[in-house]
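Structures follow.
Both of the next two complexes hold subunit A, though its partner changes from subunit B to subunit C.
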Partner chain A sequence: MKLPRGVRDAAIALGIIIVFGSLAMLLAGVNPLDGFSALLIGALGNVQETAETLVQTTSLLFPALGIALAFRAGLFNIGAEGQLLMGGLLAGVLGEQLTAPGFVTIPILLLAGAVGGGLWGALAGWLRARFAANEVIATLMLNYVAIQVAAYAISGPLKSAGGAGYETGELPAQSWLPTILPDTRLTVALILALALAFFLRWMLRSTVVGYQLRAVGDAPQAARRAGIDLAKMRFWTMAASGAIAGLGGATVVLGVLHRFNLALSPGYGFIGIAVALVGELDPLWVTVAAFVFGILQNGAIGMQAAANVPRDVVTAIEGLIILVLAGRRIITRNGSD
Partner chain B sequence: MPALAMRGIVKRFGDLVAIGGVDLELDPGVIVGLIGENGAGKSTLSNIAFGAFAPDEGTVERNGIVGLVHQHFQLVERLSVWENVLLGREPRKGWRLDVAAARARVRELGERYGLHVDPDAIVETLPIGMKQRVELLRELEREPAILLLDEPTAVLAPSEIESFFTTVVALAERGIAIMVVTHKLAEVIAYTSRVCVMRAGTIVARYETNQTTAGELARAMVGGEIPPLSERSPLPRQVLPILHVRELRARTGSDAIDGIEFALQAGEILGIAGVEGNGQTALADALAGVTAYDGTIRFREEELPDSLGPRGRMERGMQIIPQDRHHEALVLDWSLAENAILGRQGSAEMRRGQQIDREAARTFAQTIVERFDVRPPRVDLRVRGLSGGNQQKVVVGRALAGTPKFVLAYQPTRGIDVGATALVQSRLIEARNAGTAILLISFELDEIFALADRVLVLYRGKIAGEFNRDAFDRGRIGALMAGHT
Partner chain C sequence: MLSFLWLMLIKSAPLVYAALGGVLCERSGVLNIGLEGMIAIGAFSGVSISYATGNAVIGAIGGVASGALLGAILGLAATRFRVEQIVAGTGINLIALGGAAYGLVIVFGQPGASKEVNALGPAGEIAMVCLALALAGLLHVFLYWTRAGLHVRACGENPRAADVAGIDPLRVRFWATTAGGALAALGGVFLAMAELDLYSDGMSAGRGFIALAAVIFGRWNPLGAAAAALFFGAFEALQFTLQRTGIPSEFMQALPFVAALVALAGFAGRARAPASDGIPYTRAR
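After this line comes the complex of A and B, so read on.
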């Protein structure tokens, strides 16, 4: 029986996790059942760990939603990592300086994050629209540019008194995102991410803009002949996609680290590709997939401690999922014009 | 002994029974025509005869090598004629190619079959008729006892068709068993000895060609009478043209137009006749606003710049029926209702604030479904699951809804069955009667003769001739299509 592609993707991802994970554990001399149970206990064993899993879920969900939006328009945004970093940079640098009350600074700083990521995404969108530059290459390369730009900015022109060469000083406490569970790092960012997921789902399914965006992704030549401006739609979609990733970067700065750090993302923008694809590019299922990957991310630490399985096993699994799912889509893409 | 004998052939693709029990024999020296509508199973059957597909049931007995000439040429454009003809069977001298022997072999084949081609010519520089010779030579090089020709004349001009069949008849006289798969009844009547009619995966009728007529074959293909087209009302008195094209130059890929002029008035169908690749796509893309062009397009007393694009054209009352319904017209994974409003997605009737008005979309789709008899009549089904004819009804219905001022119809009945063709053509005539101006670009002369009030012949990007309906001359138009003056 032929399964729909989304279901197949989810099955492939689950298969990779189980088969490849078991193999790696066997090689490390660990019974896979012990390894996986250590992973689950590490991720969901108590309130503290569950909250930390949800923190990881949130940080993955923002870039994954941005990526899903771009993919729906036929744009393979591989640059969420760089967009997230630029969003975080702008929020961090600005946040360190702002001293107003939180209800003023937090919205401004979240917006700054969206602007930073949005500009970075728009740059790739502009290259595509203006020079027909392949957005896979452009967004991928801009990731490296982003890290260099950020490193230069915080060690040079934007260096603050409290900052080190690799991070800014701590943000004033009133600009921290409020937690929703006491004594954990779980903040309102989770609620914001969930609200965004629901909004995007409604936007894609019900609105005129969503209809046009999907048309550009599913049948660009038909969309063009139906009067939809492909270049414009692609530019704004890349900008929006980057803005969502940048917003995610800002929530990490405001909610988790309370400062900008060059290493603020352990690859959320890349793992987000796998999250988006496993979630069938549907914001609702992307949210579910982000939770599964959140378990992997957080459970890896517990697994390493309890079962002595290197957490790099999880990194390798995630990489393999990206390779298989994204590689297949990019190779078989037919949305060229 | 037959050259090829197929007995009890059954072929399934998933749940679909493509071939449902076919017996067919091909005899040396006999040309058999295999006709049927799109989807009747002709191509599947010829692929089974060739050996590309294995049948699920039944046997194929081949007494000799089978050659197959495809509808779409299977040539390496950048290579020379001899390299194409001998690809994979190159003569060798030690570890080197024996180029002299290769050239000699191709010349000798050309002499023997009367198919003269320069062995060193690069294929991409050859005209289409010559390319087909190369394709045929490549198959003949293997000394086949059986030759299968799949829609061999689809891209040929009328004069090239004649010379092609002269060759085919000569090959039969040499004792080769030949099967021609086609939907062109005139060719079957003129050149075959026997004819088999396929419908829904089985052979429903067999005739000695000299005992039958094109009308009888058409009825056998469709399984009944062909519905008559709508009546045409008399052309309104000559008024100011609604569309006026001057000095138009444009290019889409290798397809180009070079200085085209014509005018079109309300309530008129202007046919553009010509062999594929003579500028039709460039003309269509320029009019649709999806490519840059030089020259002027005046529509309803207003000049349309190429920067206006499809959106502005639609707002002014233009609609298009694109050539490639799968890529240029439909989003195959969307529902019929979502596809029906494509092009109207931003209009006031189809939106409620920022949202798509789903009820309005369904109602609009329902009117198309009813007026065009789309089956199944369900607006929530994915269009991917519809037959080609029903998909095309959606595309045409969408374009004709609300009586537009002008419709560009590019191959509006390409690859769809006879019933759907008749329905689409009737609706085009009715739109014309209601005052819509229609530019009909078609590679099928029969379609142009059935619909057009006037015809222009397009040859190498220029207009080679113009005929009014009362002066249509098939021979003359065919000659102009082939570049004769």
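After this line comes the complex of A and C, so read on.
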């Protein structure tokens, strides 16, 4: 049952891309065939570009997995962007200072990223559990608080000698994530993200915690009667969801930029919502969806360079896919239980 | 002092428009995350149409219409198609912001910012500031003193009861969201055509989300939301003055969101959202 729907969704998404993409290319005076071939060559044309597409896939996959986990528990976490930023901030600031061999610093810094994002997610979880604050609005507002907190920290009290403007100095080379393809930016972060996806799929399907988490999302009343502490479950799910997004922020810092920059995410946390929903909140399909969005993200750059189609059109098309595909799934919302 | 008040009003006006749009949507039961995109599309379309026709007023009307269209799309998605409103709103934002950035290249042949166009000028600026304040009062009267306003609120609180009483919640929500989009787009028209005379990428600069914060801080009530928008606008106007006192500008930029969180958590009086805010409604057969 899963596959047919997945195939249908893929067909719809492809249809949107072809119809609206062609329209946008024609308006820009470009032959759609040239435009789309530029997009595909830009995304998958050679080893370098394919690697870069996989880098984008990785950066989208972490927040998307975190979002999927929260949604499965009926928690609308739209704060992945802020959680990712806080994770990146902690990893970047700490990473610039740490000078030890990589096998020591890298695990510490990845953990720091998870802690940063986890705390930011937990803040929303706490507001929800303690004050019954609507987590949609809380996580949304916290995104913008996160930007200001990071901007203040990085230009004020945590300003480093090597940093300029809204970024830290470069991390010591031993703390960079090892690449898995020479001369590309593709690092072990991809393997980590895939492992996480498999772990989450296993956890959700085959463990007691996973079952409880889904129960809280699907039938909170029944879950409570069965003795599950809803408030506790929601708090820890938000924390875990934030931690996964924060881990993603840390991999961008350690693997892609080698420093923290306030603009490290071009909206991974928002597009991640679409990735999670198009992937039906199932970690396996979320991974596939992340790859498709990765192709769009990276292909857009090639399309702009080779065919002169403004890459922003890809953002608009992603928005359309979100509107048509991602919103259809009604998440069981437990506003009043 | 007078010049500060004027600056505050200018900084507040776009927030007031968008916040009023947000109040109208949420009162009917649609949580409109897409305000940001509606501001942007209003600003971009207004400038583009003014560029094409050479007439600022036609441009402004076109800008508002584009916001209404985007609101209608969200309204349809949220009612007939029962799409998750928050997700749909996120989609609307990407469509509008991406579309405007793409449109700059198509219409003006240059990325980043449009050319300068015929705008509404100082008189238009004054008129639009007054209109924003007047609309706050009008929306209040509409929501609390008219039959139609009661219907809107009923759909946001208890759509089932409204339905039983003969009101079609889907219809009410659709029109409220369409009008809300038009209001938010007025904020964009103000930014691009009253305060300035061009559109540039990132011009909305998170104002849609500050407006959402104002809706919450203003307790989902037009006068309250407008007051909150004025309050946030005052901080924006004070930014340069306060910076000299040593308060980091980041604190002031975070203030609207922190204020909303505080209101949401129930300090200083509980902020209660309309009971069915953001929850899709299905008509019983």
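Keep this in mind: the second predicted complex is superposed on the first by the 307 of 337 C-alpha atoms of A that agree within 3 Å, B and C clash if a C-alpha of one lies under 4 Å from a C-alpha of the other, contacts with A are read in each partner's own complex, and residues count from 1 in each chain.
Keep in mind that, in the parts below, contacts are C-beta pairs under 8 Å (C-beta built on N, C-alpha and C of every residue); 3 or more make two chains touch, one makes a residue touch a chain.
This one's a predicted model, so the numbers in the text were calculated from it and none came from an experiment.
Shared-chain residue A:L127: touches subunit C; no touch with subunit B. When both complexes are overlaid on chain A, the residue A:A226 reaches subunit B alone and has no touch with subunit C.
Look at A:M141: by the touch rule set out above, it reaches subunit C but stays clear of subunit B. Judged by the touch definition given at the top, the superposed model places A:A13 against neither subunit B nor subunit C. Look at A:V209: by the touch rule set out above, it reaches subunit B but stays clear of subunit C.
Contact comparison for subunit A: of subunit B and subunit C, C touches the greater number of residues. When the two structures are aligned on the shared chain, A:V149 is found in touch with subunit C, with no touch to subunit B. Looking at the shared chain after the overlay, A:L254 reaches neither subunit B nor subunit C. Subunit A uses no single residue to touch subunit B in one structure and subunit C in the other. By the touch criterion given at the top, residues 24, 27-28, 76, 78, 127, 130-134, 136-138, 140-142, 144-145, 148-149, 151-152, 155-156, 270-271, 273-274, 277, 310, 312-323, 326-331, 333, 335 of subunit A touch subunit C in their complex. By the touch criterion given at the top, residues 31, 33, 73, 77, 81-88, 90-99, 101-102, 104-106, 111, 206, 209, 212-213, 216, 248, 250-251, 253-254, 257-258, 260-261, 264-266, 273, 278-280 of subunit C touch subunit A in their complex. In the complex of the two chains, the subunit A residues touching subunit B come out as 206-209, 211-212, 214-215, 218-219, 221-229. Listing the residues of subunit B that touch subunit A in their complex gives 288, 290, 309-314, 320, 322, 324, 327-334, 338, 342-343, 345-346, 351, 354-356, 358.
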